[in-house]
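Mind looking over this structure? Questions follow.
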Amino acid sequence: MSEKIIEIENLYVDVEEKNILQGVNLVAGKGETHVLMGPNGAGKSTLGNVLMGSPFYTVTSGKILYKGEDIVESPVHERAQKGMFLSFQNPVEVGGISLSNFIRSAVAARTGERVRLWDFKKQLAAAMELLSMDPTYADRDLNVGFSGGEKKKAEILQLLMLKPDFAILDEPDSGLDVDAVRTVSKGIREYQNLHKEGTMLIITHSTKILEALHVDRVHVLVDGRIRESGDASLIEEINQNGYERFLK
Amino acid sequence: MSNLVMNQLPGRTFEWLGVNEAVLSGMEESYEALHYKTELTGKIDCAQNGGTDIYQIPGNYKAEQPVYFWLAYDRSARNQIEIRAGKGSEATIVMDHSALHQHGEKELQGLLSTKIVAEDHAKVKLIEIQKAHAGVRFVNELHVECMEGAEFEITQLFLGEGAFYQDLHCDLKGYGSGFQADTAYLIGKQGKLDINYVATHYGKKSSSDMKLNGVLREQADKIFRGTIDFKHGCVGAVGTEKEDVLLMDPTVDNKTVPLILCQEENVSGTHGATIGRLGKELLFYLESRGMTKTEVYEMMARARIDALVKRIADERTRSAIWAEI
Amino acid sequence: MNAENVTEKTIVSDINRSVYDVRNEDKDAYRFAAGLTEEIVLQLSKEKNDPEWMRDFRLKSLEIYNKTDMVEWGPPIDGLDMEHIVTYVRPKDNKMSATWDEVPAEIKNTFDRLGIPQAERESLAGVGAQYDSELVYHNVKKEVAEQGVVYSDLESALHGPYEEMIRQHFMKLVPPTDHKFAALHGAVWSGGSFVYVPAGVSVEIPLQSYFRLNAPGAGQFEHTLIIVEEGAYLHFIEGCSAPKYNVANLHAGCVELFVGKNAVMRYSTIENWSKNMYNLNTKRAIVAEGGKVEWISGSFGSHVSYLYPMSILNGRGAKAEFTGVTFASEGQDLDTGCKMVHNAPDTSSYINTRSISKADGINTFRSSVVISRNAAGSKSSASCESLILDDEARSDTIPAMDIKCDEVDVGHEAKIGRISDEAIFYLMSRGLSEQEARALIVSGFADNVSKELPLEYAVEMNNLIRLEMVGSIG
């Protein structure tokens, strides 16, 4: 394996005193694309949120090493500044801040430099075009009144603009129609092209989004534990037989 | 010097809370006339009656440009203005109070009483930006009557460190009349904001909607009294009010008193208030994009004001505010 | 059912209160002259054999009463003329008993009809019964007493080993200076209960006090003082009723709860005073670190009520919950709600109220939530819903929040409206009459309280709602 980006060691996580993750182990290297699958309620989103430092979950034991450094205690914004990114399953609506201004502030926070407006606008317009987003959305308030599909695209837009080193995509395809899934998938491929060393963890319980993507490794999470890890062929197996085999 | 009692809560409550009214001490016994300029379009006439200037918007006249009032506030002064919007007329009115903060640190008291009558099916929009330094006390009283099908919309922005007293009564007299308030405030440095909005529903199927978004910091002291009063007979009326207050530090004092008074069975009234810090979910989302908690708070404070400014229906006022803030 | 009925307004008859309305002659009772003078207070103090400090306290309270103005908010109380209120009525042949057999037959019959002795046998750890100004019955189960739990009438306790403890707590939470009727209470209080639960003791089944005001034109001023020590648990139930007279009666009781560190106190009230009653009751709890007070309140009776139980959260992590339902029908003006004071970090309060207004009944929900500067990390959430059943009724919602700390989450929601025609239509399509449908919906609306009550009380409360809605118990 290439240089390790993320190493999760025996991770236990509670939400409101209920134990959700029960000893998760997962390692991903630079430039790899991993997929986390599993039935509803297995704890997939919990893992994604915990990696980013969500305040709704408590890590009770275990380690999360990012670029070799334990980040369990790191504040959320530091994780982001160090190149982590979470595409939210249900992004929050934020009135008063336009999508464009928001992304510009985020890029500035990520790079620690002021972003030149002209370059930024050009890049943003190109990325929005790739994602078939109406250009007027740039000036609309962040996620406010966006449809489900537009919200997901706005998350992928941020992925493209921020170019994180480690991106967690939490169900980037849920609730989308066929065309939108295709667009989101195209966006993810574009990220892979733009940032060859970027690592991804895609959380999903459907397989459509994965069809046109190169996948290095697949993990199946059941009842808070990774039951099996394998190569991309696991996707096809799950597609045909579901999770039955892993539930025992 | 004398006391002025205003902003009375329409249903009194526990005295010790100190929310039943505002008592302004140190008011002058008499005031000079508050000067102002206007920019009237087309057919709007002005007449005098007693001490009141009365502006008449003719029936069915739809003003394409906003009507501006520039109030001078070069000293302590008061005035009364009345605006009558004839049947079916439409107008946007801008009350420009920017002079309040253009006299340096000068202490002054400004008092303005405005009456607006929206006759049947008239649509009146009022935009008011109130910004003031410490030492400025501004008393703004507004009384609105809406007849059948008439609509009154107000956008108010309060900024700065002054002392603002805002009384707004909207009487929804006619069938299907409507009132909307869209208000934002950012008060700091010991500034004081005292608001009393009262929507009184008389007409059947009348509607009211008050939305306030605010930010308090640095010993700001704010009270919002918001009352939806459903009078007997206002069958089918709907009223909502909602206030969101972001508190930036532990030196502020926020009072929120949202009343619903109801004497009619077939109505629907709701009110809501959220006060305090940003929601965890929102904070997590923004922090996950690399901003610190402090940056997020500053950004969200600013966003509340920006969101309102974006909704201002007059381009000229909008750009003036962008230039200011 | 014929279709025309659907659109007709339901005619809801007035409550049949027969159980509560049976009144006993009071010609043999010992009663003071009406009105309030120093002589009357001294006479009462002598009658009670008060310790000296208590006599002085009464006189001081009277002084405050005479100097204090009535509040400028709330329902009118013009019909209440203190010159005509008798402050003390002792039932004939009264001596407090620990068995029902010794209670005078007439009085025992009253409590029998109200189902108190039966409830005691079946589901209570102890019972106190007050008739007019005096306790007529007081008993606590042996197992509970053996744990060191004290449940007695306040006056006996004043003459026993707990005198000093009472002196240190009595009207310290609700001082006579609080308002005019607190002062009145301080001057003429009589009867009521004292409960002491030692540290770590959990009283598994509830204690109950029942207050019955029989004498016309009288006032009832019982004082309930409860001290729950560290880590202890108590559920106390209070029931109130009176027959209806044509003259005004007054209830100005006072409840003081001291909830210790990590202790939990639940205080449940089903109040069904008759509709000539002025119910000006004051209830207050102070909660230490990690402790919790839970108020469960059903208000159905009285002509005028002023009732806002207050919770003072005085230690880190203290909690308060208020769950209430108020039903105002013909001739009633019920001003109810609660007060929450957050006076320490990480405290939380939760308010959930429902009100129902019918005929010319008036409901006012009134509340205050105060979060002081030192209460970082505190939370408060409130939800109040009001239902208006016809166009003669009135319902006002007057909450106030005063927040002086930024690190808080405060939320407040209120809704007012009527029963939806769709809901009634749906239930009628399943065979219920319109009256039945409305009664069912109103009972469901009030389930925030009924589901918190022990079963027997939930049943009683639903019966009260049914009586108000349909005019009979189905």
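Letters A, B and C name the chains as they come in the text, with residue numbers starting at 1 for each one.
As a working rule, contacts are C-beta pairs under 8 Å (C-beta built on N, C-alpha and C of every residue); 3 or more make two chains touch, one makes a residue touch a chain.
Nothing here was measured: the structure is a model prediction, and the numbers come from that model.
**Student:** If you take the chains that touch chain A and keep only those that also touch chain B, what is left?
**Tutor:** Neighbours common to chain A and chain B are absent.
**Student:** Highest contact-pair count belongs to which two chains?
**Tutor:** Contact tally peaks for the chain pair B-C.
**Student:** Of all the other chains, whose mean CA position lies farthest from chain C?
**Tutor:** Relative to chain C, the chain whose C-alpha centre sits farthest away is A.
**Student:** Using CA atom averages as chain centres, what separation in Å is found between chain A and chain B?
**Tutor:** Distance between chain centres: 43 Å.
**Student:** Per the centroid of Cα atoms for each chain, what is the distance between chain A and chain C, given in Å?
**Tutor:** Chain centroid spacing, chain A to chain C, equals 55 Å.
**Student:** With chain centres defined as C-alpha means, what is the inter-centre distance between chain B and chain C in Å?
**Tutor:** Those two chain centres are 41 Å apart.
**Student:** In the complex, go through chain B and note every residue touching chain A.
**Tutor:** 279-293, 295, 299-300, 302-307, 310
**Student:** Touching chain C in the complex: which residues of chain B?
**Tutor:** Touching chain C from chain B are residues 11-15, 17, 19-20, 232, 245, 247-250, 252-277.
**Student:** For chain A, which residues count as touching chain B in their complex?
**Tutor:** Checking each residue of chain A against chain B gives 52-56, 75-77, 79-81, 85-86, 88, 91-92, 94-97, 102, 105-106, 109-110, 141, 158, 162.
**Student:** Can you tell me which positions in chain C touch chain B when the two form their complex?
**Tutor:** 71-73, 339, 364, 366, 368, 370, 373, 376, 386, 388-391, 393-418
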